[in-house]
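Consider the two complexes below, in which subunit A is the common component and subunit B and subunit C are the respective partners.
So, the complex of A and B:
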């Protein structure tokens, strides 16, 4: 007669597999590329909440978040698209959607996830809830620099053909494509300004960047920072810089120069060069700290053990940190009081207080690369 | 022998009072001022999740959110500070902290809540977790326009004495105060730009606004839009406009003029007037839709049944909506695809698709006023 009691208790406990309630606004994940897993993190106590395994090839992986902050969508190099439930710490769904993907975006309304593919070239659009495939936009070229834009649009660049495409996915089974051709040789990455208005693509094949005003896409692309000096010195390019991030600080946009030990400063009012700042090495990411006062920069191999901090008012480097070997990524908490930094070769994620530069935490991680916080789910262009 | 089974089952169920997991990124609340309660809402399905009662006098109430998105802090007119648990839909803690409060702010690190008081004048700083009082900053004047700024600072204006104070609460039991005096007569509200750099106070006692660069507070306040025309026409002022909100669209800041049927456009690069836009009535809120393409405006009694939409590129009104009687507030989802509008006298909260202006939902509510979404928890100045 005790069995029913135990059975009922077990039933109750099973029903209670429900995790205790917690907010999702301070959650995030770290890509552990060598292990094919992610580490779940929270930024209030600055701790690890565990790991989710089985995500495949995560070299160069990135992530976007659902509008409620509960789910992450991880884009893997092997074409895997994995939806993670951060509250239950498990894979919710996973599909292999193409041969080789390099990133993705989530639509303004949160209902669509677009994956950008190298092989085959093009983007694939999925239902964010079910991962059901809805449509394919073939491009015949590698897709780079995909970003979401207002109006459930996705904007991206095509490496081989030098084009920028704007895809309106309001009707996700029949996406409408606007093509801007002749933007320049070999766009290698792109980003959208935080207000969702301007898309900027970096060019590898020539000196300069391409700018599209999404309020007037019919006007095409405009060349900016033409002849800034890429290729002037025959420095080998150790790693392509990344443009995606909050590189916008007030009226200025800070851009890593290709192949040069410089960060370029673009005036977003006049769209001309406002200056350039000498830095430690070839910059990879230049990311504006929320609050817009400082821009943090990491660097390509072999100078990748350093992070430099630029003061926006002074327009010069004011601080240098050495978080560890192979610093691959930096992510700020949304109001800017902390920055999370991954040191791949020291197997650590470091958390700094941005006001004092004090090290607040150091979490062990297996070859950590990208760090992504759920607050991205509330932002345009992430 | 069945009792133990039932008891055990009940035990299991009780342990399971844990609500099912859900993200907090799409949650929010609507102040139901006449009922002393709030309605919980979620913006993915655009529905009401219930109510929390017992919040006291909620006329002119506002709210801020914890960095994890789980808790709201509601500032009531009766001096009540109430911490709500949005996931459990209940009051977590509540204190009556002063005689008459008009708003508050949460610090950059999320650890402090500051309440601005009319009676007695001053701000009180509380531990965000426990609501333990930590310190008091008396001002001898009504505190208006409080906003958080980077560096765990709070910035606010003093109505009677015409000052702007910057309180550094990094050591919350010993806050450091910097006073900027002589900013102008009767500042009535203020806000901080989204990047956390500039604080702007509107003046009721004279024509113009006061601007403080928080990167250089020692420079004091600067008068901007001097002589824009307040008082030029002896229109009665039916309701003081509000400045707090995303009134910043690209380089332009849209400000409701006091007493005039105009929205002023301020150029944030030159800090001069860039234009003025004729509108339906005396504007109360001018709020930039995320995506920066449009600014939505509501109006004072007796013209408060209309909302107008300004196109930022065209600098004119392009749409007029009539959501209901006494439209008191508008809140955008963080990526701007929806706007939530409260119609107090029709007892309804309306949700519009910002791309099509289609009405997506209409929720009954008791005298709804302010609408606040958890995404504010990730923003500076809210």
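So, the complex of A and C:
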């Protein structure tokens, strides 16, 4: 008779000591790059849950998520790879894996994390659970635009040599490399389409993009939107555009034109230009809102205090917002009802209602840059 | 005589343009630009990224005039853009001095 009472008492104590269980589907993080820390956020109540410190140089940092949405892997510029436990709000593990890195990806099965490095050029593959190093693929050039592809493959581009490499990491200690050479001058970033079939690299050194069909990689790369600049001299580029699977809005792919105040529209059926949209400045991110009705665009220095919204059906800008100075990033909740926007120089993260454009929340943050939500963990190419 | 005066005037203009570090408020703006916007490619700590390292050791052997020229004019064939629309010659020169000394952490 006494046993259940004690058990209940113990359970009560346990309940007091640990926070109630919660899911991670509405969690995310904001890179506070000057402070070397991340802010933990939740999008249901639109609030900050606190900070995790000690992540090193977070300029240009990005993050991917474990398949269960509990852990984030943050790639820092200083070569740091940090695994965060979002539920316990702490660093789980951290390794300095290279001198200078640019991003990373998580494998289809969630068991491998690959980090793309500038110095020394190449990728390093880690065990996602332990961060044990498993293998190195040296490239002799800066790695950009790394993405995960079906079959536990990683695809990336090489800036100096103009190549696209496909690395099959099914056996992560002996990765197999397929090289596609001569894809174009100075690929600056690349992405994989959400269905995992096409890898597209943007070129800085010439007008056009390189397309690889991962269903037929032996066919190599083909040039798309070739000569989109129509022979005109591009404007000076004060910030490189960023490419990722968010560019895809239904049949169309919305791409920043390098050195032009334009968003290019690519038809993903015919791989030809479907139009171009004049915008406020040089686009950095062109991100399709989930549902693909609208595409939100931010801009390079010095025109970086504006966000424009393109209506996909009308193929024109229908709204302009001024969230603050130096808007660096936008991230949608998975169903697209909110967008989170970082204003680096106003030190704030703003949340907008995407239907009404009303500002729903404003959270203070130190030089916020990237915003990453756990829903990425379930998407190819994120 | 006229030519001499013109040269004198030109010299005066050049020295005023080159002389003198920027005012304190402007210095803060330039350092912000350096860390944040140059840092987008060269790294927030300027140890390099898509662009090369701008740490003192990496710049030690490089000529200050040439470095300010690159800042103002950019480098063709690379992603380095010209910043001449946002910085005067004196400001670029001051920026180079700060980089060669090393920025305060």
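Keep this in mind: the second predicted complex is superposed on the first by the 360 of 382 C-alpha atoms of A that agree within 3 Å, B and C clash if a C-alpha of one lies under 4 Å from a C-alpha of the other, contacts with A are read in each partner's own complex, and residues count from 1 in each chain.
Operating definition for what follows: contacts are C-beta pairs under 8 Å (C-beta built on N, C-alpha and C of every residue); 3 or more make two chains touch, one makes a residue touch a chain.
The structure presented is a predicted model; accordingly, all values stated were derived computationally and were not measured.
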First, second, both or neither for A:67, with subunit B first and subunit C second: first
Which superposed partner A:43 touches (first subunit B, second subunit C, both, neither): first
Which superposed partner A:23 touches (first subunit B, second subunit C, both, neither): first
Subunit B versus subunit C as contact partner of A:357, first or second or both or neither: neither
Touched partner set for A:344, first subunit B, second subunit C, both or neither: second
First (subunit B), second (subunit C), both or neither touched by A:335: first
Superposition-derived comparison: subunit B or subunit C, residues of subunit A touched: B
Subunit A positions touched by subunit B in one structure and by subunit C in the second: none
Parts of subunit B lying in touch with subunit A, wherever the complex brings them together: 1-2, 4-6, 8-9, 11-13, 15-16, 18-27, 42-44, 65-71, 86-88, 108-110, 150-152, 170, 195-197, 215, 249-251, 269, 290-293, 313, 333-337, 355, 374-375, 377-380
Residues of subunit A defined as touching subunit C within the complex: 33-34, 57-60, 77-78, 100, 102, 118-119, 142, 144, 159, 186, 188, 204-205, 236-240, 301-302, 326, 344-345, 367
Interfacial residue positions of subunit C with respect to subunit A in the complex: 32, 35-37, 39-41, 43-45, 47-50, 74, 77, 79, 81-82, 86
